[in-house]
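Working notes, beginning with the structure itself.
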């Protein structure tokens, strides 16, 4: 465990150290102003001394992320399953899905506020809107990737559309779903930060905007670091979930 | 051709008509103010009478979209291939990819401007940043989905890593790549509009922002419609490309 | 920059989409004041980076700012200094919907929702105004930016800060007028609603060009103040397709010219230490100004270094 | 229960594969289908099992359209074991589809694991099985369903001679006990004659019914039947017939030094 | 060129599959490997082809480690035809990997399509082939590579008797002409004896070499060899041996009415 854990995380650590080192060196050499580019050391120390405020805001953002992404999962599954069961629905809904992704936030934000106020809801909806699309496309194409023969075999066993779906199409889609999940969950965090522009009292997005107005680039970057850590943790969590839900999908890859 | 074309596009049309009809009816009944929600009719007529300006801005946005997405494709392929060839690189780069997705635009925009000014470049880079992630993840997981036996067979033929990649891993990844391409290309358009907030003189994003300042919701929505049309066309184009590049991947689905 | 043969390139950053706060700039461009001075001025499009940030990072030479932002920026060590004040007074106030009878004075805003811009100093200002009126100054602050006005129009938020001559007129045109609580009516110091910031370093390195630029800009604003309909026309012409409500532009320019642009002598652009001290000292005393390392300022800055009239045309 | 195929044709694009097949199989009958590789046997079974639809002609299984009813348990040529299920859960698939509880289905399938030489592999993944073990698992999945019609597409192709004999014996005994209808594709003429009541010989592609042989040997057959004169006669006739068909589908290789099988009417490994 | 396997063991997790296999095959030899289903034959071939690495022991092919060199052309039990290539381009894969131009490779592979009964399917996708056609395409892809060692895992399992005979004859003639080394897994004892110089019999899992038989029949063999007393003797001995192995791997089914094969030493379809 311990040696394999080392070899697993070493590259990421080396990468991070090289990057941070280069950044620190550049800042030291160039004497660039801290409000333009603070040193990583300064980001770390200042971030640490403001950990309470950053923490509070991070919790708010994390809440939006998780609730929004959970909602997004429900929406994506529902729609993808519906679309899988009906070619008619697929052709009717797919263009709408694409359209839904083209509405810019400046158009959407006021509508969201008008309809849902400033609570959790509009932010949750925005996160869902940003992330349901990769999930839905991943699922739809995952279901469709089912081998024709496999579905036909089930049918010959007397399986209803629903059972064919459950026993073949669903498991076939899972590997692609997890690919899409990784894309979606990464966007969920930025989506939440972004949704805060649609009106929020706190959250990392608001915190960053305020600190930027105060010329506190170091604190802005400290918040970015927190965001990145949250994202990476969620990203890694998808592998854990995959190992439990669809162990066969990764067997292959682990061998490499 | 003509009947199949009808049955192919009818659902989308019916869906659109129902939606637009409901919207028009709601506006007529509720007497809502046009600056809050204009009627579709008004959006259409006003949009049409401003078609020159909208068109010019649309061309600017389309240019950013296409150049940015092309660049994104290059970056995603390069990185995904590199990551596929080296497990070490994979573990070093994947966390960086995720991190890159967490940097909010308010942090990024000033940096972009500092480094690249206000030309095409920063916008292209922003579109690439937003869209390379789904492409890269789709490719990386697509390559990894290769059957172990298939790669081993090639190896037994004396194929180098590169030839194994070319003859097996690459074709195996293509179906997932196209799924990711559909996600990426959809985000590319929003990404371009979004990038315009990082500083642009024209483009649909700027146009929408301006019209919104003027409370011309009808023109904002007209621009949204243009955006949606562009997105849907690009989305549909991916199917055409897939049919040429990876015809085997869709044979299955066409039967349904 | 070698401005000897070619026209000197000057980049100018905007705070918002083009509006009548910017008229002087576009007049100077349309009327060729910059070209006559041998200057090549590029207007940077409005974006998410604030003009003070752009100037400080060397990505713009000048930009539109506000006294509050500029004070915060300079306290934090940013390379900015105010060179011209297009508006001589607050041109904003607390705005609530005119039909809100329950909101009759600032103190009634306690516990209400503010649709804000995430701007440095805005909350401190509002708090103080409310307290001066006898309230507690506790309200909900929702950062909305461009969506702030809609939020107030449709009742999701209770108050915001409109520019009288822009969102104010716009609101009337759309049938949802504001009523205002003016800061000065509640014992709050006057301030410059809009200023032009420049890079101190660039100014020092290019004294000639700096003078030419600021004076050309001043000439533009002066013309807009003296002949608002011409000013409005230049603004419209410089931004084809940007304004769908031309009447708004003309009315707004007229209002600014009449009430906000000129000082007692009829001149445009001048700044005084008194006015700078009034509002900026308030910010200092509230303890919200911080230095470059994030520590609250303990000694009051010399406000005369925060602005300069040096580049304006002679009396 | 009756399977009634009449005037069946099937084309893929413009490749005609089945060219008017008519066939009747009645209750409790064991029918073997043989024909040259690539002639259309699997295609025919796919149609009977309802996996695909005919270009023309009709199929009735127990009077029903096979695409909407399911009287058949089908073992396709590709084993189609699902990687996301353990071997045991692959074999219970048909039962689960029929609505049996997972626990009950497992219990039932598990009893056959020993017979099928799969004991100890219940919780393995299909990728951990050998080729022959996969085939046996697919067969188990099929027979455990207890359907009125068994459609078996080369069920013993990947098995060694002895395992194969065991499985054949087992199949015969099960069939005799329950008298379900069995249709089986095989390449093995002796297997066909040994197990079947009737052997249907198809022509090379496009497949037509070349001839049907009734194998009128007593039941239960044991291996001594293989040396009976009737058996040898039928076997011989079948070989001759098939060889004629072969000439049409595989042009002979002029470089082959030994054209023996054609002359002798029997390959080294019939 | 020599294949030298010594003390080879292979386990998957804690399932021991190969338990100390030693084997030497010299230039131009034709060796058949037989053993009960699931005993480890494919595993052995995977190791010789370099697709996997041994748990212990060593393999040398022409003195080289098979995972880093490639003297072998391998036809695995799964056909592994790639859906993204046409049938013709699947068969040229090995040649392309070796650096031959696509045009030349196609030309070369195309000449064999007739012999393999695949003429007309050059531009088809693998999904359009029947089971037997897929197997022939996989075989074509292997033999066209012209390697020093041919590793064939049940190359004729899905073929009908006559096609099979044709292919066997063809293989024998090619082997005689070029004297490449052939290692072939088969379930068919007669096929093994008919084609091979030596038959290696493996025990049930975990596989050990149970015995090796040298088949000292004259070449070229034609079908008359099948009836020679030497042939029959070897065949008989092999059957006995294998049956002993079988007893260990598949516990017999008590319900099977006919335990004949064990006593008679020969299944209905050997």
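Letters A, B, C, D and E mark the chains in the order given here, with residues in each chain numbered from 1 onward.
Assume contacts are C-beta pairs under 8 Å (C-beta built on N, C-alpha and C of every residue); 3 or more make two chains touch, one makes a residue touch a chain.
Computed from a predicted model, the values in this text were never measured in an experiment.
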Shared interface partners, meaning chains that touch chain C and chain D: A
Required minimum of steps from chain A to chain B, each step between chains that touch: 1
Interchain centroid distance [CA atoms averaged], chain B/chain C, Å: 38
Centroid spacing, where centroids are CA-atom means, of chain A and chain E in whole angstrom: 50
Centroid spacing, where centroids are CA-atom means, of chain D and chain E in whole angstrom: 24
Distance from chain D to chain A - Cα centre to Cα centre, in angstrom: 50
Residue list for chain B, restricted to those that touch at least two other chains: 36, 105-106, 114, 147, 209, 212
Residues of chain C engaged with two or more neighbouring chains: 53, 57, 146, 150, 154
Residues within chain E bordering two or more other chains: 78
Chains that touch, pairwise: A-B, A-C, A-D, B-C, B-E, D-E
Residue ranges of chain D in contact with chain A within the complex: 46, 49-52, 66-67, 69-70, 72-74, 76, 78, 80, 82-85, 93-94, 96-98, 125, 127, 145
Chain D residues touching chain E - in the complex, by the definition given at the top: 12, 34-39, 41-42, 77-78, 114-115, 117, 119, 128-133, 136, 153-154, 157-166, 168-170, 172-173, 176, 187-191, 194, 220, 222-224, 226, 239, 242-243, 246, 249-253, 255-261, 264, 266-270
Touching residues (chain side chain A, partner chain C) in the complex: 33-36, 46, 106, 109-110, 113-114, 117-118, 196-201, 206, 209-210, 212-216, 218-219
In the complex, chain B residues that touch chain A: 8-12, 14-16, 19, 36, 87-96, 98-99, 101-107, 114, 133-134, 137-138, 141-142, 144-148, 175-176, 178-180, 182-183, 186-187, 189-190, 193-194, 205, 208-209, 212, 220-221, 224, 227-228, 230-232, 235, 252-253, 255-256
In the complex, chain C residues that touch chain B: 16-19, 44-49, 53-54, 57-59, 146, 150, 153-154, 170, 174-175, 241-245, 248
